[in-house]
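So that you can tell them apart, the chains are marked A, B, C and D in the order they are listed, and the count of residues begins at 1 in each.
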Amino acid sequence: MMSPSNATLAKHKPKTESDTPSLRDRLIETRALSAELARPLGDEDQVVQANDDASPTKWHLAHTTWFFEAFLLKRFLPGYQVFDERFEYCFNSYYESVGARQPRGKRGLLTRPSADEVRAYRAFVDEALDRLLDKPLSPEAAELIELGINHEQQHQELLLTDILSLFAAEPLKPAYRAARPGVGVSEAEPLSFVSFDGGVFEVGHDGSGFAYDNEGPRHEELIRPFRLATRCVTNGEFIEFIEDGGYATPTLWLADGWNTVKGQDWTAPLYFEKAEGGYMQMSLLGFRPVDLAAPVTHVSYYEADAFARWAGYRLPTEFEWEVAAGSVPLQGRTLGQNHLCAMPAKGGAKLKQMFGDVWEWMGSAYLPYPGFKAAPGAVGEYNGKFMCNQFVLRGGSCVTPEGHLRRTYRNFFYPHQRWQFMGLRLASEV
Amino acid sequence: MMSPSNATLAKHKPKTESDTPSLRDRLIETRALSAELARPLGDEDQVVQANDDASPTKWHLAHTTWFFEAFLLKRFLPGYQVFDERFEYCFNSYYESVGARQPRGKRGLLTRPSADEVRAYRAFVDEALDRLLDKPLSPEAAELIELGINHEQQHQELLLTDILSLFAAEPLKPAYRAARPGVGVSEAEPLSFVSFDGGVFEVGHDGSGFAYDNEGPRHEELIRPFRLATRCVTNGEFIEFIEDGGYATPTLWLADGWNTVKGQDWTAPLYFEKAEGGYMQMSLLGFRPVDLAAPVTHVSYYEADAFARWAGYRLPTEFEWEVAAGSVPLQGRTLGQNHLCAMPAKGGAKLKQMFGDVWEWMGSAYLPYPGFKAAPGAVGEYNGKFMCNQFVLRGGSCVTPEGHLRRTYRNFFYPHQRWQFMGLRLASEV
Amino acid sequence: MMSPSNATLAKHKPKTESDTPSLRDRLIETRALSAELARPLGDEDQVVQANDDASPTKWHLAHTTWFFEAFLLKRFLPGYQVFDERFEYCFNSYYESVGARQPRGKRGLLTRPSADEVRAYRAFVDEALDRLLDKPLSPEAAELIELGINHEQQHQELLLTDILSLFAAEPLKPAYRAARPGVGVSEAEPLSFVSFDGGVFEVGHDGSGFAYDNEGPRHEELIRPFRLATRCVTNGEFIEFIEDGGYATPTLWLADGWNTVKGQDWTAPLYFEKAEGGYMQMSLLGFRPVDLAAPVTHVSYYEADAFARWAGYRLPTEFEWEVAAGSVPLQGRTLGQNHLCAMPAKGGAKLKQMFGDVWEWMGSAYLPYPGFKAAPGAVGEYNGKFMCNQFVLRGGSCVTPEGHLRRTYRNFFYPHQRWQFMGLRLASEV
Amino acid sequence: MMSPSNATLAKHKPKTESDTPSLRDRLIETRALSAELARPLGDEDQVVQANDDASPTKWHLAHTTWFFEAFLLKRFLPGYQVFDERFEYCFNSYYESVGARQPRGKRGLLTRPSADEVRAYRAFVDEALDRLLDKPLSPEAAELIELGINHEQQHQELLLTDILSLFAAEPLKPAYRAARPGVGVSEAEPLSFVSFDGGVFEVGHDGSGFAYDNEGPRHEELIRPFRLATRCVTNGEFIEFIEDGGYATPTLWLADGWNTVKGQDWTAPLYFEKAEGGYMQMSLLGFRPVDLAAPVTHVSYYEADAFARWAGYRLPTEFEWEVAAGSVPLQGRTLGQNHLCAMPAKGGAKLKQMFGDVWEWMGSAYLPYPGFKAAPGAVGEYNGKFMCNQFVLRGGSCVTPEGHLRRTYRNFFYPHQRWQFMGLRLASEV
């Protein structure tokens, strides 16, 4: 399904330079994948915004395109004329340095430009990117293309989580894609733990290859001996928490978590619904029985933290996780495997499921690393200005695009948010 | 533009009975007009809801269809199977007797059923209506068809006011239709008044032909001598009020009005924008300079009342208006003339513009007439349950469908609402 | 209890002029009664505001005093120096013409001036009023004193309803005064109706003696024959409505009423609480079992209207009520009788309880009478600017001060409000 | 001013045991200080709640008393009967394990129990504490007394910050106490920095003497070399930031901070008002000109962070601060010095003002230390459940009671809060 399909970009694959080819290929693939992900959706599906956290598909498609136009083409492609000057207002996300923009909560009002016009906009910008890539690139431009690819990959994941939030809000509960036979019938492996030694470890990105600014500077952290669960917490385990009165026991919760539980009438993870004979959950594969062996998905930090307290454990810190992740290959069930839902862990009592399936909530606030400085200009707004009130998630999910992850990757969300593919893994002192 | 185009309904025009033919013809025309009104819009335009007051075009198209299915076909067409059982939840508007429904503020989440499916739903119901009309109708069924026609006509007006509210909220400010040349260049006729004698008058609908339940019972009202302006208040006059500090003078306003002005930062009618050299206003014809000679449009009751106080007049009561309306022909610039905006009054110092152009705010609360009883069952929820907190408007607008109005017609909205084509006419004691 | 106790004012009762003496006496009595009503309260009770509708006792005491200072003393007492210039900001209620003021919802923040200072303010102004009254008064000044007396009487009623709203919000549920023995044990008289002929009747105040501007102009109204219940609806009857599912049956309610019921979780009148063996209600006499024979109190217009619909009746119009009230003496159980709660009707199948006990919701929107014009200046803001979105209540309550009522008196509140002593009486067509 | 004045407690000072005496003395002093702090206030001042963050004085006085009753007397004083069973509902703050309670935002509704009753409640509990202390205490009871003392000290600081928030909201802007002559006329010392070496340091409380649970476990932290300003940022420096457009420059702010600035219309620290010739600020000493040499007070984390970014520095981490604090004596201008406002730093280019004057915002999220476990039972709710969404502040303020601080002391507030005596100190990498 995920093969490139964007004709304009695909036709001249560059052959000359040793470095840019792969950049161009990856750009082509990334741009094609966005279009591919929108394909199962009607134009109507693409325009509506289900809530303030989520953006419409069409907006994602246009915003990622505008990103290349605003930060790359206008600066580096001589004579480039923007497709439509008014699109900057429509499709700037949050770059204060760039200027005024459609308010975030009103992205769903943009019936115009139409989906057709947005597709034309994508083609226009792809064609211009193609021209840009025909000539040798300055390092700065190459870096911005790399950033643009990674940026678009993030929006690919958001596109899927956001369309799920829309479909879950619709009375007809449509599926993004039909489920494959056999999904959801396996049994969970028993919970076990792996121990890690303490010490001073280097963490953070070392500067080789692309990384977001928030992954550095690489620095030393003092880590105490710890134990980490070999797999994520499953739906079955989380249902035990529910049925033990987890959502009705204030002493298990952080104060802000408990206020949220009461204020929002939370009684289960997002998209869960109690039905006769068990729990159902809305997913990209439709409204389906919960797979007890699969990782619990769509839980907030508050729920993850309360579950861990109930179970007698805690969440890992992001540095514990990063040290542990150094011991396993950088692979997992991400978007390329096309499950579109988190799958049960397999493989016995070793550390697994560190990448893919669900993002794992860390017990670490999202803060700058020592010595962090945001880049100057609009691109510097990418990560730094969000370093407050959020928690770190690590490891990627079943809808994270291939090649997007790193061991040092730091995702971050507010502790009440749960519409992403979020779960947890238990940890403890040794 | 407004010719019937719905093939299914159009093909067998009944010829036999003396009474139903015209009902059938009017049904066919009405159903066709709805489709016609949606034609300039893309499917994306039809799905989005700009605010809680407005509904998406697609919802209007489906809801009016559901109305015939729920209240007519299920009862009167033997063997009728509903198109899709889930549509009742999706497209019931406010009928508590019928059951649960999509919350009003979330009608814009319904990307499914798609616009195509809604069109198929319309064709399916039209075909069933056609079959129903092939046989002699019971009086009750005929009455419900009549109600369904009038109901759909109301939604046609709403469809246009609601799409305007969406387009006005979009940064690209699209026009529903291009303006004709020459619109907006005339000069207003001077304001003059017509006097009416007092006395006891019969008002309300006399029961011949269709009327909504809220127009009756016909009864006597004691009316004092009064004067009524020959035409509506113009944009030019309203701009004088603005420039005289009308929106900054609390003593001109009702207390609730002043709170609204302050709370909502109102400084002009809805869709107005101050520009160099004058005012612009968003309209179905796009974002255009205000026509100073045309009736001011999109003002709330609060603004109408404050303007009247500033001008030294008052709003007429609905019974004064009805008595005055008895002296002029039931005709005006409504949807059939296809202006899609209010036009300047023409014709000298006689009473004019009583029908069409803009709904006129009355100084009358929307309350039941003496002896009013709502009909039993769901249809009884049509009007009666809204008889609180709203004010009456009379006379119809430039987007009221042909044949929909009566001299006794009572429209009603909350005093803060202004997204309809609402204006005012001055009155005073003699 | 209600004897004058304000020494400053009481000591020189004027003896010379034929007209002002009674005005002075009434002023003295009124001023004294306010102090008397505050006496059972601690200073702490007097400063807190339980909700945005209610004002603190201290604020009432100061605002009524400011009213005399601002509208009377500053204009008519030569050389008068205000007690404290800053009090105008603190104690102006809603007079936009006068200037900025403490926001209504923040009256409860005024711990300063202290209750002692407010008492000193009252004494200071009383003494100045005394001096003013020593000399012949201009008609305009006399009229403003009359207005000030009536204004203060209104605030006396509010003081009691507002302190009840505070005490009801407190966990310790204090009583304003202990109940007398024997309250609440009688049985209700059966419901019966009196018929009235139709015709054209004069209504509104005829200009002799004091009345608020909203009671005029006197004018003719056409009234149809009607029937009016001989007494108010009782708690017992209202509990039948509750137990018949009244609060769970949407078709009994106005749409706005139903939204309020759902949005506010209403299941009974305000201050009701279901207990073992029946209903309790918080009152000025404390938290006590509901007296089944007494008029239901603290119901909104929505509840009154829904009850009437459930019972097969309707609410009377304010003109029907006024015509009927012309047939009975202007007397009832008001504040002077010192019950502090509505009492059961007594006296058989004749019209009774028209004055006192509970204000009765009318099925009439609060609108200006034909030819109404607000007075110029700040005093003109008294009534006119509220003529929108409210409903009329007639007849006074158990906490309306003696001598305050008239047959033409129009009270008004929003249809959702119920913290006043509000009930209803049924009516119907003949 | 701060001498003990509570007769009941003061009269039998224990003389026998070597350990409890000082505990008893400190208990007596602490209880007496609370009463002393309330003395300048009228009972009305003590009952009102200015906003949801602040509690009324009376509530603080009663809650701290209830704390001893609920956690100490009921368990350890045989035969103890509570003063009034209903007070638990009224004066429990947030202990879910204890039960239901008056909602936080409605503490200001409690006009009952009256201030007199609360004073009697204090005397009653003090007397019981006295009896308890007459006998040898179990270690657990002694620990709870220690906790109760520290708890009450925290509320003493809150009492002052909360009464300031009330007085600042009042139009008459009363002073809690008159200012001493000469306050506010000095000049700020120049800004300079002290350097610290990096390394692995032990931080957190070592268990000797009392500390809150959140200060431990003591553990090692890896710290990089850093520089710390010798004094806090002054009002004069902060005004430079304001006048350089700090509040209008989005790129200086965290995203959540910028949303707060826009949403709340912030243009200066809390209680600041721009006046002719400079800035005024409401304080416990009344509404006074800002002292340019004194530490800026009443800034949020967002403002502290934005200022630091503008100045080219950053906030210190809590561990950097704690290491630096190890180098200076544990003394500063706290409540005992009775300034009631932050004072200019004095003493040249060495580290100063580390304790007292203003709490300093740290760039550290408030999270559990490694191995932290909340105590079992209600007391375990003291700190742990707030470890989310807040930031750490260090060092105490001008209104922190004597003897309350430690170098390991961790205060915490939400980043938008600023009604405490909060300021900042700059830091940087070396």
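As a working rule, contacts are C-beta pairs under 8 Å (C-beta built on N, C-alpha and C of every residue); 3 or more make two chains touch, one makes a residue touch a chain.
Since we're looking at a predicted model, the values are computed, not measured.
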item: Between chain B and chain D, the fewest steps along chains that touch one another; value: 2
item: Chain whose average C-alpha position is farthest from chain A's own; value: C
item: Centre distance in Å when chain A and chain C are each reduced to the mean of their C-alpha atoms; value: 60
item: Whole-Å gap between the CA centroids of chain A and chain B; value: 46
item: Inter-chain centre distance, chain B versus chain C - centres from mean C-alpha coordinates, in Å; value: 39
item: Where chain C touches two or more other chains at once, by residue number; value: none
item: Arrangement of touching chains [line / ring / star / complete / other]; value: ring
item: Chain C - residues contacting chain B, complex; value: 94, 96-97, 200, 219-222, 224, 250-251, 253-258, 301-302, 305, 363-365, 367-368, 370-371, 380-381, 385-389, 415, 429
item: Residue ranges of chain B in contact with chain A within the complex; value: 42-48, 50, 58, 86, 89-90, 102, 106, 108-115, 166, 169-172, 174
